[in-house]
Structures are given as C-alpha cells and as structure tokens.
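Pasting a structure here, questions to come.
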C-alpha cells in the first residue's frame, strides 16, 4: 500500500475531528474523500501533508512513517481550496516557486514550468497574475504549482468548490485526465457526492471524524456498508416502516424497526396495463408531479401514501400528472441502526436476501 | 511530568508549518519587554513603595479627583464629538466624490505631526476671545479658551485621526448590499443609517472612540495651554502629575499616573471585550 | 561620558549650565564674555552648553541625572533640592557673594497701555471686575513669589491678622481668570491672547514684553514686592566627575564681575552690585519695599505653610 | 434629489469641521511665523541650534521608524501567522503606548534610568547615559510610536490569511524567502503607510521627550523642544517659524501618504 | 402582462450591459433569468428593482410605469446573492425590518414574522443571528425577509450560488414550493442551466446584454431559437460539418457551413445486433469510456471519428469499454450563424424538416 493511515486520532479541544481513522491507498489511484461538512476531511488531508499533527496514530507513505518528517520534506503536493496562489507572482513564478526553493538549475526550471503550462493549457498566459485569470484557470495553475516539484502524492482540498457550475463540469474531467496522465497518487476532498462519483477511482466516506466506507463509486452506490452511506449516497426516498405498517408488495418481511431506502432507479413506472412481466409484483400509483430535469424527467408517484421518485426518459411515452400508473419496485436497501442489506422484490425473484 | 511537558513543547514547535515562530516571538517579546514592559513596571515598583492607605489618600485627594473628573469628562465629550464627526468624515471620504477630497483626506493625520505644544499655543490663540475663531463666539457670549470647552477643543484636535482612520477602512470594505437590501424593504436613508450601517461600523467607531478617549485623558501638551488650569474647574489630571513632580513627589505622581494607566487599560479592555462579543455575533 | 572627552584636551573645556527660562539672552552674552576671559587667563576655550526650562523642572532634571556642572536657577529652594539629593555640598548659599545670587529680580504688574483699570498697588487687584493673570504657584516657582508678595502686602495692611490676610489673598485669586502652569504661559495669555487686565510677573519678563510691544503695555511697581534672588551654584558631584570644578567655580565667580553685572542689568535683571545697580536707576524702580524669603522663614517653611498639599493655597481654592 | 441634499450637507459639515479644526490652525502657524518678516524667519530657521535640533529630531525619527518597523514586522508575523496562548494579551500589550499619556511615558524612563532609577548604578558602572542624553530621546520616541507599524500591517495580514505562506512552507521555502517573496508584497503599502504615520508622529513628539531631554541646547533639544524653548524666551515668531518647518515636513509626509495610499489602492485592485 | 420591459438599454461606460431588452411576464409566474456570467442578468434585475437606472426604455409593473418610482416605493422584494442579511439583527428582526419600516402594528408584525418563520421551517431559531445559521437557513431567512412586506414582485439574484451542492438540491424544490404557495410573481437569476430548468416556469435566456429566447424549459430545450441557446442548453456534442465531410447515416443533407448539436438523449446505444427497428439507420460505434453518474451511466462512443455521448440506465444490459455497439441517432439540431432547426433522422421517418 502506498499511503497508510493507522489508528489516527485528532482532537481539537474536546472535539474529535478524527476518530480512529484507518485506510490504505494504492499507488497511482485517485481517491475521493467524501463526507458532509465538518466530518473531518480537511483534517485528514492536512495531517497527511503535515500541516496538522495527529494526536496518535501513524501515517506511512511508501512504507516510511512520516509523522516526524517536516511537511516540506514529505514530497507532497497540496492544492488549497482557494488555491492560495501567490498573488504578487506571475503564473510562471507561481509554478516555478517550488523548484526555485529546491535551487534547481535555471534552465531546468524554465523547461519544466513551460512544460507544465503547456500541460494545463495556459500557453501564453505565463506572465499574467492570478487576478487576471478566471476561476478555472487559477485552479489549473494551482494544480501545476503543486505538481512542479514532482511530488509522490498530490492532495487537493475541495478543488472545485469555488468554481461556476458549468466550468466545474469541464474541470472535473480535465483533472481526472491530468492525473491519469501524470500518474501521481492523489487524494481529493469534496462534499459533493456527484463530484466524488464522477472523478474518483475510489471513495472514502467520512462522517463525524470516522471512516464509514471505502470502495469504488459503484461499490459504494450499490452496496452501502452503513446506514449513513445508504442515505448519503444517491437521491433516495427514505421509507420508514413504523406503526401504520404500509406493506409494499414483495417486501412484506421488512421488520418494524427498520427503514428502507428506495433509489429512483429501483423504481419503474409503466402506463397502466402495459406491463409485460411480474404483473403480480406491481403496485398502482398516482403521478403527483413531473419535473423536467434537463435530459430526463423526474416523476413523483404516490404509492400507498409513500411518495416514490423515478426517472423517465424523454423518449418514453408521455405520462401526465394525475394519471394512474403501474409501479414496480425492483429492490431496496433496508437498514436498522447497525446494518444494511439489499432486499430484492420477493415477488419478482426467489433468492431475495443478499447480505453484504 | 517534566519530560511530558518537554515532549509536548516539542510537538508544539513541530506543529508550526510556517517558519519563523521562534525568532519572531523572541524579537517581539524582547522589544516589548525592553521598551514597554520594564519601564511601565517601574510605575508599579514606585507605587509599591507607599502604603495602601497613602495610596488611597493620594488618589482620592479632592484636587486629584477633580482633575480626573475634568480629564475624563472632557475626553469623553471630545471622543463623542469625534465619534460623530469622525463618522461623518469617514463617510464623506469613502462614499462621495468631490473636489478637494484628497486634500481633506490628507489633512486628517495633521494632528499627529504637529507638536502638541505648537498645537496648544495655536489653538489657544485662535480660540481666545481675541482670536480669529474665539472672537466670533465671544460675541455670542461663549468663551472657549480657558474653559472646559477649550480643553474639549484641544482633545478633539488630537483625537480626530483615530476615529476617522478606524472607520474608514471598514466603510470601504462594507458591502453596499446591506443598504440596498434595506432600501428594497422600504427603509429611508435615516433608518438605513441607524439600523443597518451603524451596527456595521460600530465596532470600528468604538475602537476609534476608545483610542481618542485614552489619548484625550492622557493629553498634556496641547491641553495645558488652552485649559485655564483653575483648580476644581479646568485643571486636568496630567497637569497634577506635573505639579507633583515639580514638588518632587514621585510616589504621588506615579500613583496618579497608575490610576490613569489602569483607566486607559480598562477602556481598551472594555472595547476589546465589546468587540469580541460583536465578533461572536458576526463570525459565529 | 564620552561627550566630555574634550576635558583631557587642554585646549577646550566643556561645561553645562542648567538655567531657567528667560535667561537665554543674558547667558548667551555672558558665555561669550566668560570665554574671552577664560581664554586670556588659561588659554583654554570654554564651551558652555545651555539648558533652559521651568526652574523647578530643571532642578528636578539635575536630580534625576541631567549632568549640569553649574546651575543658575530662579529660586534658592530649587538648588536646595539638588543639595538635598546630595549633588551639591551643603552651605552652597554662602559659597559666593550676596547669598550666591549675582542678580536679583522682583515682582511687578504689567497692565495695558494707559492703565485703563487704574491699577496702582495690590489692593487694586482685589477690586471687583479686575481680571488678574498669574501662574499657579504649585506648578511654577516664580508664581510663589507672586503669592508671597500679595501676602506680604496684606500682612502689612492688616497687621498680621491672618484671617483678613487670607481673605485678601483669596479675593485676589478669585479675580484670577487663567491660572497658567508657568510664568511664560501666563505672559502669553496676557500679552498675546489679550486675557485679563493685569499680569503679575517677573520684572525682567515684563520689560521684555514692553520692549516687544512698546505701544501696548505699561509696567506698574507695587508698594511692596519681593526680592527674588535667582541663585547659582556649582554642582559639585558632577563637576568633580567631569574635572571641571575649577572652571565651574570661575564661571560663577565671574558673574560678579563688573562686566557681567552690567550685562545682567541690560537684560533687565537687577545687578547685585549696588554701584552698578545705580547705573540702571532710570530703568528699575528702586523704591519698592522689598521683602525677602527669610521674612517667611525660608523656602522650606514657606512651601510648607503655603504651597504644600492642603496648605493655604489649596485652602483658598477648596473653599 | 433628497440624497443629493444629504450629500451636500455632509460634505459641507466635513469641510467646515476640517477647516475649523485643522486648516485654520495650520494657516495660523504659518502666519504667526511670518509676522516678523521673512528675514527674521530665515534667521530663526538657519539658527545653529535650530539645525542641530532638526538633526536630532531626524535621528530620533529615523531610529524610531527603523526599530518600530523591524519590531512591527515580527510582531505582525507572530500575531497573524501563528496561534499560541496569550496572543490576545500580547496584542493588547503592543497597544499600550497608545493609551499612555506622553508625560507618563517620559516619566517611566526616568524612573528606570534616571539617577534615582533602579538601573542607574548599573548604567554608571558601564558609563552609559540614557536619560538626558540622545538614547533617552530615541527611546521615548520609539515608545510613543511603538504600535504604529504593527497596527497598520496586522489587519492586512489577517485579511490575507495564511494559505499562501502555508503553501510556500510546504514547498520547503525558508522563513526569509516566504517573507520577502510572498508576505512583503501583500503588506508593502500598509507597511509604507505605517512608516509614514510613525514618522509623522515621531517628528512631532513633545511630551515624553520633554520629560527626559534635559533641554541641553544643541545636544538633547529636539525640534519641538527647541520650539518650546524659543516660546518660553519670548521669541514667539521664531518659535512659530521653527514650527513651520515641522508643519512643512508634516505636509510633505501627508502628501506622500496620500500618494502611497492611492498607489496601494490601485495595486489592490 | 404583469411585468413589462420595453426597449431597455443600459451602458456601463462603453459596455452595453443591457442591449434593447424586451420581455413580458405573466402574473404569478416564476421566471428564470439564465445566461453566462457577465450577460447582464443582474443588471436587468437591479433595474427592475430600481437599484440601477436604465439609460432608455420603460419598465411597467402592473400596467404602471415605475421608472421614476424610488426603489423603496416599488413594492418589490429582493433576495441578494449573498443574502445581505443584517448581521447585527436576529432572524426575527431581520424578517420584521420591512414591516417596522411600514410602521405596522406590533402585534401584527409579530404574528406575520412568526408565520413566515414557520413557513420557512425555522421555528425556534428566531433569536439566532445570521452567523449562527447554515447557508441554507440563511437563504430561507433572506427569502422570508423579502416576503414579509408582501411584495407584488419578488426578485432573486442567484439565490443558490453560495450553497452546498447537496443543500442546493433541496432548496430548489423548497423555493419552488414556497413561491407557489405564496403566489408571488418572481424572477430569479442563475447561470446554472440545470437550476433554471428545474425551478422556473419560464426561462429568459440572456447573452451579451440581449435576450436570446423566452419560453418554458421544455420549449427552450426542445426548440432552441438561436445557435447560442442550442449550445448553451443541454449537454451536447457539437459536430462541425467541415471539409473532411463525415456523413452520419440519415443526416446527409447537412450543409458544409452548418454545425450540428447532438444531445445525449438523441443517441441510443444497443448491444451489437440486438436492434429491432430501423437497423438501416444505425451506425456502428466503439465504446470509448463509461462513467458512472450517480443513478445512470454516461457512455462515450466513437462513431466515424465523432465522440457521441449517451446515457444508459443501470438496469440495462452491461456494456464494456472497447465493445462495438449499434448507435442510433434519432435527431439533431442544425444551425448556422442565424438559424436553428431540428433535423430528424431521414432513415427513420419521412417528414424530416421541422422549422421552428
């Protein structure tokens, strides 16, 4: 393992910002640290960089314990949330700074900086100052600056937080490509699940200073390990099976102290009577609302007093608000305080329990 | 135990990412100690040479108390006037464009640069009932020089830069959106100022007010000429210190000085406290 | 101190004369005189560094470490304070002639041209509506003389009835409209800022004002005034340390020379040399009845009786 | 329209206030200084002791500015870039000289270094003179202008945060390099402004210096003290003539300040 | 029409921030002003509010020309981008401000404010200060404050810009519901097309100070009126029909000076050979990249050197990178400098030209 955190704890006053954090990262991977605000993501990143000191626990990079290595000797690149570009230096000088500190040969510095400027696509802008760049361009410079001294590990704290929605989209793919090209092991922090899912090879989900789950985006999406993850990831309807027991067809075995999470893609809406298979498993529902969501429609449908959400392609046959439709629920996540499992619709298949 | 502390200190030092902590704190504390702390502590040393009873007797002497009263009262009025006019000045300098604005702006620090004695002599001659300005007021039966009004004028003179320069940057940075928001809610200029802008600049006003007040209380050079120095009426506390020194009563002088020092300190502290309270409201 | 290194250089010698406020012109001329004299006598150049300020303040600075070789102050009392600090040997007052006072002065009234309030003597100052300018005796040494002169006048008037004297003085100070902290401030208040009808002040300062504004002011001599003896002394400890005892002594001694005495007269100080004083007969009113500080039991007693905290002067104001 | 009325009223109030409180005194100084004619003015200004006093004032001012700038930079660095216990206390301590009467400021040095002060014997032993000599004047000047530079740069550094410094430190830059390359450009104008204010205040300092100068003419008389002395010697117009030197210097400095501020604002955009 | 802007022009120096702006808004509608940064959205809003004065042109609200009415008398509510909540007032006082200005009865104020606090779901927080609220809560307070004096028209400048991605989603629906409930005519500014599409009844698209198009989200999405709108709305592949003429099956009539915009939902990917209809219209393509996008997959497929993007449900049969697939393109937008039209695949239908 390239980066290893072992039993890391960190208190700020009485507040546990990191609570027995453990994880490992493979070389060359791009890792997303995802979690709600205040969950300790930045703290983890800053401890790896050496900007904070853990109260206990060990941090290994490439097999070497680096707890006592001063931050400037760790060979780690750091991209700050607000870039922290040197305002009074040109793009060139910003990127060259780390190399100049290393007292590199002048020609080499020039070559390397121009190469990086080319890489980030800012040729011809090397004499501009950060204030003369757009948000996205600044982000790129910050990235190049961190890469210049060829770090073994690149840490990025909310790299896209300060950027416009439209540009953010572009930058995500750009960053992903860049990191692949350079091949540097990277960890980036975000509180935007969409971002983490799109960009990262693997996601580490943090909550209240703890690591909740680590896995590829699809793993995390399809097999949430904890109730927190099940709710945090994906856009879901949470359905509580309480006193006024509402039984959904095929899910009669959900116990009364359990909650269920139903994702939009678990729900299929069909025009009434047009269903071909598993008619027995289908509920009837009434369409409450149809919202246009750019390239698809989001349909809210009420089934036995539960409002379910499903997505519908623009190419599918039109339905209208108030229409009665067939609703099939393929599966759902069930959880109580400490475990989560996926439950398949028993009316649609036979083997229905899959423990994760 | 000892080892523990050492270890802790070690990690504390290591924790600092930005270099230069040691040398900076060293230099800061050395200079502070040499230039400020040691000399100031000598006041305490001197005062400690007299008994508590004597101390209380000195500082509650009728003349001394009246000196405090004159100094505090005049400084308070002057600081209040400065707070008002300083705010108007800062507002005008930040929000409006007009001919001569830069000149006006440039003049604000003049009281810093003019020796206080020169200021005192000049102000006295201007505001005495024979002076350019004083004669105008004299016709209305108002005497300025040699009265408390004169003292207040001198204190306004020396205090104005503190207020203007405290408020100005805050106003400059203040988002005009607050005003626009209030406008959109139907508020008039008057209400906008008192309900929306004033709270925003209040901490800065307070800082300027406090500094002007502290400076006014301690001011000697420019005030002593224009004050009539009549005991119980226009005799300021710093003059009493000088008088005591004249009589070689160091202990008395330092005792009076100590009270003023503590007073100034309390003013600064109060302001700091109010400000940190205000900061709590605004910065979570 | 390094600045005194020149002592070893036998060609120049440096001394510091800590004096009080309005003696600058006098000592400027005198230092030239003395330099010529000393050069003739020893071949050495004397450089005199002058310091001027409020007399009491100057005395204090010497006590606090201002290294004066000689002090030439307004009151004997100020020098006594230096003596008490151990810098000047006891008995300094008899070291030189005339109580170590080479020139004297007195207290007079300065009134506006034509004397519109018709002020002739002290009793005119207690009249209602007469506005008086005098400095605060607590912060100004000279102002103590003003107070004591008035007291002496009333003492004479009421034959020592202390209550009446007090009332008289009290009335006078009620008429004071500005109580400046120093003599100079009071003069400015009266002369430049046009306050008051009469200024009680030093004779030499009054002459300076009249000289500057001959069309505006007149000097009135009261019937009773004081004989102020600005005193001079060698600061023994400092002079010894600086190796300047000889020149310092000579510096003061030479103040009694005819030349120096005349210089004093020209600067409106009354020469202590009676013969030379007569030469200035048309300048100074020589008929004033002058009382001396000894009449009040010396400075220490006078201060204690009148100017200490809670003493008579404070009582006047706390009424 | 109503807005315009308010604007005009406020501008008028401001101009009136400044005129009465600041401009007229300034003009008065100049007029008084010239009332004995230009010749007398020249004589007063080119007097040997005036020039010496000017030299001493400049020396004290330059020393105060150098020391306070040096101190101010380190103090601002420590206060804005690090968190440590007692920071608020330290900040308040630095501000103390603002709140102290100049008379007391002078007095405290007498109490330490004067003949009756506790450090006197020590100083005598090494033959060091502080009060009633040039070092004391410089010390007092430093004291009264102590917080000027740090107070100007601390807010700027606070607003800037410490990300840039952290970024540079992560790359292994030395403290000196971080300061000169990254911090200094940020505080350049504020620093200059602080220096100018400090200069203005140091030049005009009277109260504290007066207490421990001893008024030795040509040796420990600063310009403000020289003015006072002239005044006390009934040389009113000379006193004002010499004051006008300070006024002119102040005006030059204030013009500089305005230029600096203007450039600073432009650079900040 | 409730709000009307007629021939509005506004210059800042030489810069045309509004260039002959004309539009009308019906009473009770929620309108989105959408456009790239600097396109003059805020300027339009501020002119309606009276915070800026137009150089020429008229603004009517409810039939009355309001150009000369002072802003405080226009009866318009304004929600600022950074909320501009009064920092030194509690939530209650912030909301009450506008009512106090009107010198309303104290009891009425209290009632109204508490009603609004309830409406925005911040019961019990009325004594907090803005700094003690989260971004989303602040947004709600700003909204309630603007609503308190019962304005006829509500203007919102980028109401969601400063809010976390996750919270933003929630707030969008919340705002939409609130405005529906209150029934106030509203205009909001955004540069995020997704946001405009989701929230607004109608969208006005601005570009370089001009109004490009006005219409419902679906209208704008389906029938872009100008080339700018076609490119700005939706996530599209732009395909330039230049020299090295690449002809897509069924779109042979595209002229060489025209560009084509292909939306992901215009593209259907099918496992090779599994296609049922219109086999003749299908191209073959090679899968270049599959990205997980939360609830669906985004597939990039290369067809004749053009990279096309299509979305694929997680429930569909899996495909892999490198796989050769059938690609059907239903339709595309064609545009040259001044006109845009929708072109249906001629191999799939007969009537292929639809001019808009």
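Order of writing sets the labels: A, B, C, D and E. Residues in every chain begin at 1.
The rule is short, and it goes like this: contacts are C-beta pairs under 8 Å (C-beta built on N, C-alpha and C of every residue); 3 or more make two chains touch, one makes a residue touch a chain.
Since the model is a prediction, treat every value here as computed from it, not as a measurement.
Hopping across touching chains, the smallest step count from chain C to chain D is 1. Shared contact partners of chain B and chain E, listed by label: A. The two chains most heavily joined by C-beta contacts are B-D.
The greatest centre-to-centre distance from chain A, using averaged C-alpha positions, is reached by C. Chain C and chain E, compared by their mean Cα positions, are separated by 91 Å.
Chain D has its Cα centroid 55 Å from the Cα centroid of chain A.
A straight line joining the Cα centres of chain B and chain D is 16 Å long. Chain C has its Cα centroid 38 Å from the Cα centroid of chain B.
Residues of chain D in contact with at least two other chains: 116-117, 166, 169-170, 174, 231.
Within chain A, residues 50-51, 71 each touch two or more of the remaining chains. In chain B, the residues that reach two or more other chains under the touch definition are 17, 121, 125, 242, 245. The set of touching chain pairs reads A-B, A-D, A-E, B-C, B-D, B-E, C-D, using the touch definition from the header. By the touch criterion stated above, chain D contacts chain B in their complex at residues 2-3, 6-7, 10-11, 13-15, 17-18, 20-26, 28-29, 32, 67, 70-71, 74-75, 77-78, 81-82, 84, 88, 90, 92-104, 107-109, 111-112, 116-118, 139, 142-143, 146, 155, 162, 165-166, 169-170, 174-175, 178-179, 197, 200-201, 203-207, 210, 223-224, 227-228, 231, 239-240, 243, 246-247, 249-250, 253-255, 257-258, 261-262.
On chain A, the positions that touch chain B within their shared complex are 50-53, 68, 70-71.
Against chain E, the residues of chain B that register as touching in their complex are 175, 177-178, 180-188, 191, 195-196, 199-200, 202, 278, 281-284.
Within the complex formed with chain E, the residues of chain A that make contact are 36-37, 164-166, 191-195, 197-198, 217-218, 221, 234-235, 263-265, 268, 291-296, 311, 313-315, 330. Interface residues of chain A, counted against chain D in their complex, comprise 49-51, 71-73, 76, 78, 80, 82, 84-89, 97-98, 101-102, 145, 149.
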